[in-house]
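Presented below is the structure to which this report refers.
Labels A, B and C are assigned to the chains in the order they are written; within every chain, residues are numbered from 1.
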Amino acid sequence: MSQEQKDRVELQQSVDSVNPVTPPPDSTSSETQAVQSEETAVLEEPGQGQESVLSEEQSERPRTKKRVRRRTKLVNVEEILPHPSLWPLALAVSVAIAMFGIIAGPIVCGIGVLLIIVSIVFWSVERR
Amino acid sequence: MATRTIGENVTTTTTGVRRKTFSETYVGEWITTTDHKMIGLMYLITGFFFFVVGGMEALLIRTQLAEPNGKVLSPDVYNQIFTMHGTTMIFLFVIPVLSGFGNYIVPLMIGARDMAYPRMNAFGFWMLLFGGIFMQSSFIFNQAPNGGWFMYAPLSEITAGHAYLATPHMNADFWLLGTTLLGISSISGSLNFVVTIFRLRAPGMSINRMPLFTWMILVMSFLLLFALPSLTVASGLLLLDRHVGTHFFDTAVGGDPLLWQHLFWSFGHPEVYILILPAFGMISEILPVFSRKPIFGYTFIAWSGVAIGFLSFTVWAHHMFAVGLPSVAQAFFATSTTLIAIPTAVKIFNWLATIWKGKIRFTVAMLFALGFIAMFLIGGLNGAALAVVPFDYQVTDSYFVVAHIHYVLFGGTAMAVFAGLYYWFPKFTGKLMNEKIGKWQFWFIFIGLNVTFFPMHILGIFGMPRRVYTYPGNMGWNELNLMASIGAFVLGIGVLLFLFNIVNSLKNGEAAGDDPWDAYTLEWDTSSPPKKYNFLEIPVVRSRRPFYDKKYPEIADWKSVIH
Amino acid sequence: MRMPVFSRTKRWLALLGCVLLSSILLSACGDEASTSILNTAGPVAADEKVLFYVVVVLAAVIFLGVEGWLVYSIFRFRERPNTPNPYQNHGNLFLEALWTGIPTVVLFILLFFTIRGLLQVAPEAQPKDANTVTVEAVGHQWWWEFYYPKYNITTADTLVIPAHTTIHVDLFSNNVIHSFWVPNLTGKTDLIPGHDNTKWFIADKNGTYTGLCAEFCGTQHGNMRFEVKAVNTDSFQSWISTQQQTAAAPGNSLAQQGQAIFKNQCSTCHGIVGVDVTQFYNPQQFCNDSLGAGHNYPTTDVHCLIGPNLTHFGSRDLIAGGVLTNNSQACNPTDPNIMKDCHLAQWLNDPQGIKPGNDMNIGQLTTDQIRQLVAYLEGLK
């Protein structure tokens, strides 16, 4: 399991102990429900719930089941964090080739510049 | 809970099982990452690798110079080695390692989830890696840069270091292009730091409440942004001279070699403050934690860092006191250099006041931090000595300067880097580094550094110029050189202990927990290593020591002081 | 009860460590090198030495004070089992003012000495002396040329000067940057292509003072030394007269054969022996016609000697930038052990082995040819 998935699981576990999530009512099996509930990772976004000032009582350590009313939005981890991307590496390689081309010859330089343009284009259109 | 895994190449999703995407494989994860923590680790690993490369170059130099008329290295090879030693250590060790610490820790310290521009962050790292590989590849062609790490024209214009060879060799080109690539890396990193620090701080963390390490990274970033253009321009002009037939630095046709020097040192001087300010920041974080007191004079340390940043642009020609500038200019630069010593002194006194009446705990990180103060003081004193122009006429370009640079860079920055690594390693990996081995390392480094570099003050006073591949046996320099060479090997042992400690601690280190040092700043309020999202919830900050406040609410800073 | 700092063994180790570490300071004792900047033989170096003492005293005081403060704090405030939590002192404005103000004052005192000192030794501070001797020092890769315009003589690697006289040096380079440094007499000034740097100094007593190139100038920067020889005014004048004479004619047949070899093989780089220098010599002229593509090497341009003019080689002390001394008295052309005894012979036999990368790329000479050349060159007094 990737680190990210482990994180999500732990996150869910710790939060569950504080604030049990009620799965949406539907007729799917409990196993699927359990799997579904992992999708809702819980991250408190700043400024979206004044009550999170009470967060002194909340932490990653398992706590007593104290129900705290929070007006916070539940957000999926993957939506918040930056996505991995190949284009920084591609652009770096292109720049290195172009730079090397300054002394290795205009053809190499030209290839490098072309690759730079390609990398920048794909970088810009990539979903952040 | 439903079953999780599976196999090497597949991962579960809610709707079933699928092949891992490239970014989910082990290698792919590192190559496509935009996570500041992983990028920070990549910077650190790359930086420490080049530290070893530069260190081996240093040992070669010292072996050649251990005895008069050394025959270990030919002069051509020696000149490549000493040039690459300086270039590698400055551009490929110190800057990456400091960027690495910055990348990993600054977002955590300010309560952010990542840097402002994660993809540009990754881009900066890859540029560094390729720039470094490109420069080191010059050895394969036996054309490593050989004009000294500041590549003075017209020597760098001509060839492999000689005015009378017909075909230019590529030595200087590797340097020029390599440093340009590295400059691109640094600029992208600096832009990122500036935006991140200005825009992504946690609620309640005003500029006046952010940790001093973050302050220093901010000043460093501004310095990089303003200083690198000088180097880029200078490199561009030199490349044009070398390949296109221009004459910017060629006097026969109206150019001027001093133009290179002015441009280079306009970069080079801020560069050395770039190399030291984050080290100041790390020390300012470590000393309070292991003295159980807050940093003394936060505002003064922060603003003296800013003052040093501004002043660093006014002192560059103190590297050029011997070139024949008019006396008025000499006096100006002597004055500006004197001024820049004042904020540095203020910092040292504030650090000493921090540990005064504290409860000092001698962990290895603290040992290195205290050693930093001791050694940096020496570096500062011999630096102030070099600002004394008539004295500088005698000792500039001699081993006295070599002593100065190594006391500030090794005794200063490198010691701070070791301190930082021992301090933050538990956070990066969840394991403690072995304190016993660390203490041995400290003593080898501390003793080695003094045995290597202190005699160089005397060698400079005894008239030994720098960058000489050998020296005759009747100059009176023999014993001191031998001493310095022995010290270098002692340092080498210390570095080996360090590397061993890292590897060993990764495998067998004691579990560290989230907060092994009972520290004060936000990065410790995460798991070790931190989760990908850093904080479960972004904290609200009420003072300069938010984690201390959280742990000790009765004596929290915001209750006793108004910041 | 106060806990001891270290257990018994650690105490001894700490003591041993301190002793060993402070032994580094002893490296300052012992025989001073002859090229020490503290071994002054002239007023410029002496003025610069004053600054050294100012610096050392200030630095020592500050070092002891601050390091002492550090060491004291480390011992006094170390954590002990029953140490309470310290007072959380965030700062003190008065102390900040104190330790900003005091360093400022101290540094400005130092600055006063600095500016005063730099003005004392500046080119414009050169004493007006009717007997000033002017020399043009030209840096080559990797040897020193000294041209006396008033007397129209040129020599290499040894700068002969009269003592107690102001020497004015014009510094030129027609290749890369070098630096003129004679630690016993004066601090350094760079020789920068295109710039007219000058310096002055005075030798207070007779003697021979080592000079060094102090700016990295390529492969053999490490072997670009020279010497300044201060002599009585009379000796100086007689040296000038000797240098102004035409070249000595070869005395014996060995020397004549040497002369023939020299004309054929050596004059391309070393110039023609014995010709009046003013006819063609301009040390300031640049020898690289362009630093772009296609460098022209000055082998055919007598204005740009690659090697030193050898008209009076026999009376010189140094060979090839000081990498060897010219031990003429050990150079008997008929000596069977000439290769071992005579430095000139060693040089002629293998210049690349002695000074790798230098410009003297000659084919291997036979021992006979070397004897002939030694006879000729050492005869050029």
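Brief remarks on what is shown
In this section, contacts are C-beta pairs under 8 Å (C-beta built on N, C-alpha and C of every residue); 3 or more make two chains touch, one makes a residue touch a chain.
Everything quoted here is computed from the prediction, not taken from an experiment.
Should one ask which of A-B and B-C has more C-beta pairs in contact, the pair is B-C. The greatest centre-to-centre gap from subunit C, using C-alpha centroids, is found for A. Inter-chain spacing, taken between the CA centroids of subunit A and subunit C, is 63 Å.
Centre to centre, using the average C-alpha position, subunit B and subunit C are separated by 33 Å.
By the touch rule above, subunit C contacts subunit B in their complex via residues 17, 20-21, 24-25, 27-28, 30-38, 45, 47-48, 51-52, 54-55, 59, 62-63, 66-67, 69-70, 73-74, 77-79, 83-92, 95-96, 99-100, 103-104, 107-108, 110-111, 113-115, 117-124, 141, 171, 175-177, 179, 181, 183, 186-190, 192-195, 197-198, 210, 212-223, 286, 288-293, 295, 297, 306, 356-357, 359. Those residues of subunit B that touch subunit A in the shared complex are 1-2, 4-6, 11-12, 14, 20, 22-24, 28-29, 31-35, 113-114, 118-123, 125-127, 129-131, 134, 170, 173, 177, 180-181, 184, 202-203, 239, 243, 527, 531-533, 536-540, 550, 553. Residues 74-76, 79, 147-148, 152, 154-155, 157-158, 161-164, 166, 241, 244-247, 250-253, 255-258, 291-294, 296-300, 322-324, 327, 330-331, 334-335, 338-339, 341-342, 345-346, 348-350, 352-353, 355-362, 370, 373-374, 377-378, 381-382, 384-385, 387-398, 443, 447, 450-451, 454-455, 458, 461-471, 475-477, 479-480, 483, 555, 557, 560-561 of subunit B are the ones that touch subunit C when the two sit in their complex.
Within the complex, the subunit A residues that touch subunit B are 1-5, 7, 9-11, 14, 31-32, 34-36, 38-39, 42-47, 52-53, 55-56, 58-60, 72, 77, 80-89, 91-93, 95-96, 99-100, 102-103, 123, 126.
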